[in-house]
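We just call them A, B, C and D in the order they show up, numbering each chain from 1.
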Amino acid sequence: MNKARDWDQLERWDRSYYLHSTQAAAEHVYTAVESMDGNYFTLADGTRMLDFQSQLISDSMGHRHPAIHAELTRAMERYGHVQFGMAHEYRARAAKLIIEDVIGANSWAGRVRVFSSGTDAVECATNMARLYTGRSVILTQAHSFHGMVMGSTMMRGYRNNLTPDADRNTVRDVPGFPPHGYIPIPPPEPEDHAANGTLPSIVATEQIIQAIGPENIAGVITEPMLGGGGTFPHSAYMPALVGLARKYGFLWIDDEVITGFGRLGEWFGYQCWPGLTPDILAGGKGVNSCALPVGVVIASKQIADLFEKARWWSGSTWDGHPLVCATIVGNLEYMLANNIIQQVRQRGAYLKERLDALKPKHPSIGRISGRGLFQVIDLVNDKGTPIVPEDRFSAFTGDLGAHPNVIVYQETAKRGVYLGGFTPNTLKLGPPFTVTQDDIDLAVDALDAALDVVEAKYHKGAAKPH
Amino acid sequence: MNKARDWDQLERWDRSYYLHSTQAAAEHVYTAVESMDGNYFTLADGTRMLDFQSQLISDSMGHRHPAIHAELTRAMERYGHVQFGMAHEYRARAAKLIIEDVIGANSWAGRVRVFSSGTDAVECATNMARLYTGRSVILTQAHSFHGMVMGSTMMRGYRNNLTPDADRNTVRDVPGFPPHGYIPIPPPEPEDHAANGTLPSIVATEQIIQAIGPENIAGVITEPMLGGGGTFPHSAYMPALVGLARKYGFLWIDDEVITGFGRLGEWFGYQCWPGLTPDILAGGKGVNSCALPVGVVIASKQIADLFEKARWWSGSTWDGHPLVCATIVGNLEYMLANNIIQQVRQRGAYLKERLDALKPKHPSIGRISGRGLFQVIDLVNDKGTPIVPEDRFSAFTGDLGAHPNVIVYQETAKRGVYLGGFTPNTLKLGPPFTVTQDDIDLAVDALDAALDVVEAKYHKGAAKPH
Amino acid sequence: MNKARDWDQLERWDRSYYLHSTQAAAEHVYTAVESMDGNYFTLADGTRMLDFQSQLISDSMGHRHPAIHAELTRAMERYGHVQFGMAHEYRARAAKLIIEDVIGANSWAGRVRVFSSGTDAVECATNMARLYTGRSVILTQAHSFHGMVMGSTMMRGYRNNLTPDADRNTVRDVPGFPPHGYIPIPPPEPEDHAANGTLPSIVATEQIIQAIGPENIAGVITEPMLGGGGTFPHSAYMPALVGLARKYGFLWIDDEVITGFGRLGEWFGYQCWPGLTPDILAGGKGVNSCALPVGVVIASKQIADLFEKARWWSGSTWDGHPLVCATIVGNLEYMLANNIIQQVRQRGAYLKERLDALKPKHPSIGRISGRGLFQVIDLVNDKGTPIVPEDRFSAFTGDLGAHPNVIVYQETAKRGVYLGGFTPNTLKLGPPFTVTQDDIDLAVDALDAALDVVEAKYHKGAAKPH
Amino acid sequence: MNKARDWDQLERWDRSYYLHSTQAAAEHVYTAVESMDGNYFTLADGTRMLDFQSQLISDSMGHRHPAIHAELTRAMERYGHVQFGMAHEYRARAAKLIIEDVIGANSWAGRVRVFSSGTDAVECATNMARLYTGRSVILTQAHSFHGMVMGSTMMRGYRNNLTPDADRNTVRDVPGFPPHGYIPIPPPEPEDHAANGTLPSIVATEQIIQAIGPENIAGVITEPMLGGGGTFPHSAYMPALVGLARKYGFLWIDDEVITGFGRLGEWFGYQCWPGLTPDILAGGKGVNSCALPVGVVIASKQIADLFEKARWWSGSTWDGHPLVCATIVGNLEYMLANNIIQQVRQRGAYLKERLDALKPKHPSIGRISGRGLFQVIDLVNDKGTPIVPEDRFSAFTGDLGAHPNVIVYQETAKRGVYLGGFTPNTLKLGPPFTVTQDDIDLAVDALDAALDVVEAKYHKGAAKPH
């Protein structure tokens, strides 16, 4: 087979027939992946790239992890698709691993349900909160990301909306947005916010709760660390917010699709705040390192009990798919056996150390924050403020090529490293848990060079990038 | 390994830690699947069952089809998870197969997008309709099923709602139901409805369109044949409904998650009405025979063009997962190469013939309807009316064990056949496309015996079942 | 005072400073009323007009009725505005008159509340239904009119929407329409519909009820006879619709703002169907003949009891305004003392007789329907179908001057009679209850001549109007 | 006539047949008004009361003002009800007075429309904002009051909700609350808030705007001074909030139903902030001193122009009722001719002076705030914090008799003064503009005594009330 010709044809097919999201056709850069292994992937042209973003801060154990693929292969010898009304070996093993071994049988969690996307998991979690409380309103944080169902995601420029080709300076939300039942609250103050008594975000949130009336509120949905926006909240924020849920009797839905299963150096993000446990947790990506599409809902013992005893008319074709459950089993058994959480902490600490060392050299580096292997760098201009003024509230309009995160993407890619971010001024570093010290060095060196380019553009008197 | 003991433990884990939907814990019958092959699956106790329902009328090519698993295994040698911003071989091949080979490059379809659930595909399709038209209302048919996002599904008892343990005679919808933006229209009249000029359902639908104002309506979502309710519509219905969409300028969203990719003896259900083509099609299950979680959205050329040229802020982690795309490739290449559509028609005709022959013998058989390998039998009482009066509008409350569909499930299971239905009076027969004449005979014989039991209960003077 | 000059100035002020609804400025015909008395009003130019429409089928006892104005004058000697937390003489007398004397103390009605608009009354009634049932959905009929709060009114072209000056062929609904909580049902079949068993509108309505789920439905709001659309329903319709409310346990909100207090020859429209009584009734106009702004809500004994015993946080500044209550007292005492209901029946019968006699002469007269002093004529073309095809679903776009109802307005005005309609093909005759036989003759003669003009335009070979 | 017996009967009728809001039947104190004149009203038992609250801070020129009643009587000699499609003298005069004489022809206002309630005016204003912008979302402040249409009012315990008799400790909102299209923002900081740079309420409001997306926001509705809650905002608040509207391109709807037409010592509240003018203003009460039910909408020139040129399908029966317009004419001509605004400032200053003098004597007096003849006193406990902790967010549950505002009502009433408040800790003083210095002395003396009673209950060691 003439490989070169083959990729030409594949490119033509992809460009002609696939419906691409995010980039406009005119901006689309065709980047084909030929193969993947571990922390790296290889492009069609043979370029080998260190995946310092685990694709979408999602493929925790890297690509094609042998333990996961081995379990998947074994499962394929016995199972196709089993509908949710019947049981099978992998569903039982996955549930036991999550509830007993990862969370602990004596902890808060009662039961888990397996879906095939985080979006489905979030929709299930919000509906469970509504059914459990008999109330309809879900509070959701400004610039949060909770998947693709209209309402919960309040990230301005990433909720199925559209920037039409004719006008790159506008964004059009889905007509009907925001739908009935979702009320925005302010975003958390970042961790370096100088709290002076009560946090303003909490004051405003309580005022909104009191205005709506707690008797109408089913729950608040949060990310422990904003996945899209990349904000790690002030230490007082989550305890205070969960405190409001407890005070007013609504549920805390903890969306850990990005942070869950190890990313922050804990099994779950909520463990960053000792004593806080969620009512319902939505997970995904990390539970099987994205080997197959997955989403999970974990309900507290009390909530699970209600739903388990009831008839709950909520069938999904993909509920507990055997092959998906097998990848969960493969992933979690390996992580448990090899103390991967400890490994995340160690490599996270090394990464943080390298980034901190970079800071004095680069005036574009503002805040460095995060936990474990989810480190975020905020890029700033000469005045120490965001280069793109609307920052995390950006609607991603105009010339995206001038956004510093995009510049870093392009510059690190030249150096064989896949690394960038989503919101304009924010770099999100989230390598696989299997990342090595050498990998980290390679990535940080590439970043070092990329920041020179950012500074040449946005900082007066900066040295020319070499 | 002591297999018996192993299943005891697995059962304990499953019962303790998995969050089960549909059945209440007290009603739950633990039915564990040990393995699957082709048209059969084997239970933990060794029982071998003919899967005459393809799990959820979903696993079109049976279980663990060698062509699909072979392609999946090949893909695993190269790919893990690739995020939607990059391309790979299988996404291109899946898109080309669907648009060029299955639908035809000169037909209506422009582009396809691959998700990991039909629910996500439907949410994407309705949001695309809203964005394309700039309008917010989606019309949706009474007792339709469109997945788990609140609003589109109007099937009374299957939209995430709850029958609490304390009261089996009520069903509680998710608070907030029905959400803003979804308006119900009447269900289609069944195909044996004696139309006398215009169909009443169409008259009422047009009145509702005119009341809302067409300028507020983004689209109507339909199933070609109601998957939950199992109604094949009167021949005049779909042309008239799509005619209203054309007349008033809104879109037709064709939900073929159940019917698409061959089930009705055509590649798609819309082909049952020559000349009708959808604006947006949502598919799923049949596209890869449920080998892995999947959902697809196919947009017309005109609509795809708008979204492709725009920046469309709609990323999904699972968009175009390589392994999912590989199962699509494996499935569709095999179906095309082996003319499986023709096979569906032939085996469907044989099944229909056997059912028609059963009718004179069984007074409980009312209407037999459907197409290809989706045949539906409506069970009736002495008076020829539905045994459970609320029929397709059932909320599934009360003693479900008395529902005729449940009785048939239990009786056919005793004879090694998995066959039943969802709404109380309706049996839905949807075997794999690979079903043999002998399999059909086995299933129909089991049904024959099961109907005796139904009649003993619901028909006076019926012979005792042997 | 130079009257002519005075009206010039007033016209300039009105044209410059008042915000006019309905007509576009360019279409606005300044029609100033100099004074009113009884069944007549006098224009600024001295033209005297028979008000055969009681302004908006609203001023039941004509203009400036001495009994009403006398009571109002007496009340002004003692009362200004009294807030709802205090009582006064007229509130007590108005309540007693309505509950005891008009409806009857032993009948269904428990209590009445007095507002200052029918819109406020309808909003109160729907909110009461929601609070009483604990459910949120209100069913509302296509082309119904229930005032100006967004949602309940389903009359296509009369719900605060806009036909922009730039494009007279479109109508733009208020963004967000239809709001959460309002679901349209088909309109009633007209009374001459040849019912063949169950009415199709009822079948579709029940299907929609079952789809939404009765447990989500607070009530259905109806007009006994559609006030905007002017349809008197088939005799089987209201009993069947109310039957659905009873069967499924939701409330019947009877909007009698137009029909209540005598218009149909009964005190209330619901009395056209013996045995039917509403749960909540919204009234207005007729209760004081529009002497002052008014709206009333009457609740059944059972419902009133719940609200009366509860704290109900529902204050309106205008709740029970003494002067408004005085006009109710003046109006109802006079109507009771003089048996005005009987008078409505007699004059209505004479009007009907005259219209029936007109029919053979005018091929443009289709259906004549209605009750008492609310008679409706549907105008038809050569083929016996509506002249303006969209008929009652009209959005009132395009050239309104070509609408037959507008032609009739203009032609009867030339003959000193104010008479027309709202939907394009429908004439609504609703004179004051004090109309005389001579007045009726004058109006019908003017109509006779006006129909010649309609026929000259829309009927081939019609004689030229004389 | 035996008056005593008469009132017995009236009381019986009122108690039996009127549907009372706010108080539960068991708590209802029958307080009948026999007659009213000027600043006083007389109860059925002969007690004469100084109306220091103008009923609902609404009857600006007192009761039965001769100028207003004279104009009303003149109008009654010529007019009954004129529908909105025709003009009449009083509509023109009222419009001219408001636009030319009160606001000024060269100012912002284009046109006025006259309704019969503030609720209808607010609903019209929000719908105009939606139509004008093509967007659906209305931002509305926590604990604001905007009438009885569901959504805009965010005052926790006063939006048609219910405290059932069976449980006085809960409040049940109307099912469906909050409806689609209304998003709460924080309340303004009070004027004595120590602003330190940007106000937190404004920061949170901007975050919510950015999260929702300005392109979805039609407008923000505010009260210049919260009428229910009685907060006069920090001087920086309104300019900053209106600044957000201007920055993000949505409208400012200024609800002056309570504050408009003189209450704050300016014709309108917006004049408290030089340079700020609204886009749409909703007025009511003060425009005719509540002589008859009224509401007005005033639109800016630009907005009025769009609606005036368009066909706007928005008819209200009560649009421009001649007798209502006559009371506007009578009221405004008198106010203009007699410089009543100046009088409000003078008497307001005297009232403020008397209250300030009271403060050193009463530890229960916290903040005194307000403008003109709308003065608010916040009552505090020993610690200087609100006596009822939830303060303005109160849902008015539990034993209302223990609320300090209720105690003040009862104590001042004993001294012939009608004076109290709505939220538990807040006294709202809003006498008629015709209040005399002697009246003010009478009221403040009564308040002085009443506060002794409050302090005896809530302040340790307070002197016994004499």
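By definition in this document, a contact is a pair of C-beta atoms (placed from the backbone, for glycine too) under 8 Å apart; a residue touches a chain by one contact, two chains touch by 3 or more.
Keep in mind that what you see is a predicted model, and the values were worked out from it rather than measured.
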>> Can you check whether chain A and chain B touch via the same residue numbers (shared by over half) or via different ones?
In response: same
>> Let me check something: if the centre of a chain is the mean of its CA atoms, which chain is farthest from chain C?
In response: A
>> Suppose each chain is reduced to the average of its Cα coordinates; what separation in Å results between chain B and chain D?
In response: 57
> Using mean CA coordinates as chain centres, what's the chain C-chain D distance in Å?
Replying inline: 31
> Hey, how far is the Cα centre of chain A from the one of chain D, in Å?
Replying inline: 48
>> Residues touching two or more other chains, restricted to chain A: which are they?
In response: 161, 171-172, 179-180
> Which residues of chain D touch chain A in their complex?
Replying inline: 137, 142-143, 154, 156, 161, 170-173, 177-180, 183-187, 200-201, 203-204, 207-208, 210-213, 215-216, 390, 393, 395
> Which part of chain C faces chain D closely enough to touch in the complex?
Replying inline: 9-11, 13-14, 16-27, 30-36, 41, 55-56, 58-59, 62-65, 69, 72-73, 76, 78-89, 91-93, 95-96, 98-100, 110-113, 115-120, 123-124, 127, 130-131, 133-136, 147-150, 157-165, 168, 171-172, 174-176, 179-181, 218, 284-285, 289-293, 297, 299, 304, 306-321, 323-324, 396
